[in-house]
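The structures come next, written out as structure tokens.
Shared chain: chain A. Partners: chain B in the first complex, chain C in the second.
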Partner chain A sequence: MIWVIATATCKELVRSRTFLVLILIFAVAVGLSRLIGWISSTDGDIVTTDVVFSLQSVFGVLVAVATGTVLMQSEIQQQTLYTILSRPLERWHFVVGKYLGLSAGLIIGQAAMLVIGLLYLAVTGAAVHGWLVLAGLLTTVEVLVMAAVSLCSTMLSTPLLAAVLSLIIYALGHAVHTLPELIHHLGHGQQLVVSVIASLIPDLGQFAYRNDAVYRTPLMPADLAVRLAYGGLWIALLVTVTVAVFRRRQL
Partner chain B sequence: MGMLRKAALGMLVAILLAVVVGWNMSRFISSTAKIREKDIDFLPPPVVAELLCLGHRNTLAKLRWIDSFAYFEYQLDRKDDNVVGGGKAGGFERLYDTLITLDPHFQSFYEHAALNTGGLLGHQGVALSFQMRGISEMPTSSQMWRNAAAILRTEYHWQEQLPEAFGQFLSTWRRFIPEDSDQISIWLINVGRHFSSISQRMSYWLEQLHMTKAGSPAGDFVEGQLRDEYAKMGCETLQILVNAYRIAHGAPAPRLKDLWLDYDLIDPFSPFGATIGDALPVRLDDVLEPRLLRKRLTRELQANGPIIAVDGRLRLRTDPFGLPWRLVADRVVSTGLERRHYQAALGKANVALLNLARSRGSWPASLAEARSLGLAIPEPPEGGSLSLAGEALEVTWQTQPGQPWSLR
Partner chain C sequence: MISFSQVSFTYRGDWLQRVHALSQTTFAVPSGASYGFLGANGAGKSTCIKILLGLLQGHRGDIRLFGKPLGDVHLRRRLGYLPEQPFFYDNLAVGEYLVYLARLSGIGHGELQAACDRVCQLLDLGDLRKRKLRSFSKGMRQRFALAQAIIHQPDLLILDEPFSGLDPLWRARFKEVMDLERKRGATLFFSTHILSDVEDLCDHYAVIDHGVVLEQGRLGDLLGSAPLVLVGSGTPPDQARMLADGTWSIEFNDAERASRLASLPAGSSIVRLERHRIALEDYFVSRVRAFHAAGKHLAGASLRERQ
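This part shows the complex of A and B:
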């Protein structure tokens, strides 16, 4: 049953107008990224590559938040949820199925963005290499974590608030990566409070390998495994929280 | 009725669209090229900047950098890099410290940091520190080593004053990039041969020219600096000929030193006092007298000098800015260089004008009023007329420049 829900969700996602329009806007933005390369008055290829990979992350997260936050809500509003849950189906099956379907759709979207980005770079003469593909993979993990964040926050609030909350967590998730260097400016008590709060937010900086990949800085397999495991753990936690909240929710 | 409303609505949308698009388009059609300049108003420390980048360190560093080109333009006139809260470090130093922390592998950051702090502001120590930081980050980049070597050689004269230290520097370079070994020696010979006697600065600017892109603010600045150097060198070359001409025509040399300097320019087959023409040349072309040039140009012409060979004959070309050389009271003047100096002075006057307007709360209505308010406005050189165009002093020139020398 999980598989059926996941397949249906994935199909629904990749056919949705939001998804397709955001991919289209991504493609246009990638096309325009060369402008920044031109006005940079120096190595335009590197500048363009940076912009393309930043766009992949930003648009990927936008797709994840835009679709992830309306996913459950639309099922409730259209009352299809009741039809599904009236069947012999555990609620956690439904949540996991939804998340897997969402993830599959997002992976397709990320793959499309990566291909568009790399093709564009290759056509415009910029260097394309394997490290960029790895950067794209880690950005995909970042997007999947954000999809789990948006799914979880939808359970806790309205879609609009969930979208805002997800974007705030995206910003904080990258900010906390640098926080250990700044925290020494605080007093001991403050350090403890800030550390605890920051630890409750996923460190999205783990997936920002794109900044190094542009310069072909290698990523050790062990390091890659740690980052993937970190992302997997956060996804597992957030989906579990979503399941827990959904089980208690009065529908 | 419904159809009519629909058509009217469609018409209204089309009209409004045409108006707003036309309005927007007019801004592009009527626009003129304008140098964008602005002060640095946001300079977070590196660690804070990293926090604010939200995982897009490289991209935001480059966007910030592109935006800072306007600060570069701003500093061309002001040369005052002090920024609020900057402590001893200037704006460029803080800016590039942040940019390099965000994106330490981007070579252009080090090159531009050195150009802005050293080339523009003359803070060679800061420039060298950026180059050395670049070498420590990218020890296999030949360009980094070359730039650092150019600063050490031309600004700190290490080759002459600290030969041992300079030798160690070069051997470290060779150790990191063995394939550069042969090139290093050739490069050093070239730097010494062509430029040491005339302009040490020229080798520095030639190095900078390699790092910048034509048409960019930094590229234009470096080209301007290089043209200045070529113009000075051209004036020097032509002045020697002017002096030699005068000596050859029997007029007394202004100083004994000049006579000694120009001795080898005098054609032994043309005795002093020989009648070539008037006692003093009236046109610069007159000094291209073959007998005077023969000994000086026995083997070759200067690669970037004021005299060129056209159809087998020597000709005087324009100055590096595409403007004529002039002879004013027996002195050779580069019109382009003269204008550049005036534009720099005018830039300072414009900064003073802005400060004056801010303190008074209004702009002076005319040049006379500005002068009466104590604003020091330099008089333009020959062929220039000055005006107060709204909020800025502007000079227009009677003679428009031709094609400037190609430097790239």
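This part shows the complex of A and C:
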């Protein structure tokens, strides 16, 4: 049941205009990234590579938030889920299937963006190496975490608020790892409060290997495994919360 | 097939507002019946259906589906549902969508093609299989909605306003398809406020208003309870009403039939004896108005009230 729902969701996603338009805009933005490389005072190729991989993260998250926040709400508001939930499946099958389908679509999108980015770098003469592919993989995990954040937040609020909340979490998620440096001057109690709040936000810096990959800084397998497990745990937690809320929802 | 016993349901509105949608609702749909569930907009028809499908939770009272308590999702394998407002994914083609929903209904890979072919032929969707549903008109969506509801040949077919948006030709075809489903052995449960459809298709009915089932029974009994009309010529009996063509008519009920016929005056002759036709629509309106006039919907817990 879960795979049937996931397959249909993935097809619906990759054929949607939002998805295709955002990938198109990504391709255009990648094409313009060389401009930043030219005006940069440092190594142009490295700056271009950095920009291309940052664009992959930003556009990947935009696709995840744009589609993740409307995925469940449109099912509820347009009542498309009535013909699905009237069939012999549990509500958690539906949520997990939707998330897996969304993830599959996002992975296809990330793969397309990675190929476009690497092709562009190769054509423009920048160095293309395996560490960049690994950076692309970790960016994909980041996007999947953000998809789970979007799905969960849309269960708790409206799609618009969920989109704003998701983007705030994306911004904060990249600042969380710098928190210890920022709060060392605070009192013990204040540090505790800030740390607790920060622990509710996924540390997206774990997936920002792209900055190191540009300089070919190696990533050890154990480190990679920890980062993947961290992403997987956040996804499992967020999808579980989504299921818990959706199970009680009156449709 | 379906039984609601003393079922109550309350929606949570904004803030502390509570809306009582069903109040002690009791009705039973016999197996093999074609059951018309009649009610005005907001009467509680869709709420009953949503509870039955597990879309609404937290009811009080006992509901049984196929003789078993609600809760076992596997019971829904035997159930087909046509929603009141059939919306579907825009970017899936008809064929893909049918396969998707058929697989969710538990149809195996080996039977998928035959099942899709069958409903496409029945509802003339064969040429549209590759078309995306976003390009469909309301009537075409309705056809697809019926196709997905019957694709797994369910034992119980729940139809929420099934004729909405259909032209006369497709209304007729839908009725033929429903007749076929009935002959196959399916039980039909219609929620509608179009009473002529109920007269055409149903053998049982229930009238619901403000979440209360006002009455239920066999449609034949209701229509058969209408008075008899005797039209005659010649010498009229007492209390006869003279008609424009020189004949006369009297009305009496079934219990009076023998005595009335025996007491016809000499010189009179019977032209025809027929049953007065009840217009279900008039009956429905009068029944609901009587309920309102009695103030029962205001006195009971069925009232949509603020607490």
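As a working rule, the second predicted complex is superposed on the first by the 249 of 251 C-alpha atoms of A that agree within 3 Å, B and C clash if a C-alpha of one lies under 4 Å from a C-alpha of the other, contacts with A are read in each partner's own complex, and residues count from 1 in each chain.
Methods note: a contact is a pair of C-beta atoms (placed from the backbone, for glycine too) under 8 Å apart; a residue touches a chain by one contact, two chains touch by 3 or more.
Since we're looking at a predicted model, the values are computed, not measured.
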First, second, both or neither for A:Ala171, with chain B first and chain C second: first
- prompt: Does the superposition put A:Ile84 against chain B (first), chain C (second), both, or neither?
  reply: second
- prompt: Between chain B (first) and chain C (second), which, if any, makes contact with A:Val214: first, second, both or neither?
  reply: first
Message: Going by the contact rule set out at the top, does A:Leu179 touch chain B (first), chain C (second), both, or neither?
response: first
Query: Does chain A have more residues touched by chain B or by chain C?
result: B
Query: In the superposed arrangement, does A:Ser57 touch chain B (first), chain C (second), both or neither?
result: first
- line: Within their complex, chain C touches chain A through residues 11-12, 50, 53-58, 73-77, 79, 81, 83, 85-92, 96-97, 100-101, 103-106, 145, 148-149, 158
Query: Which part of chain A faces chain C closely enough to touch in the complex?
result: 1, 4-5, 7-8, 11-12, 15-16, 78-80, 82-90, 248, 250-251
Query: Which bits of chain A are touching chain B when the two form their complex?
result: 36, 39-43, 46-47, 50-51, 53-54, 57-58, 142, 170-171, 173-175, 177-179, 181-182, 204-205, 207-208, 210-212, 214-215, 217
Task: Please give the residue numbers of chain B that touch chain A in the complex, ascending.
output: 47-48, 50-59, 62-63, 65-66, 69, 103, 105-108, 111-112, 212-213, 215-219
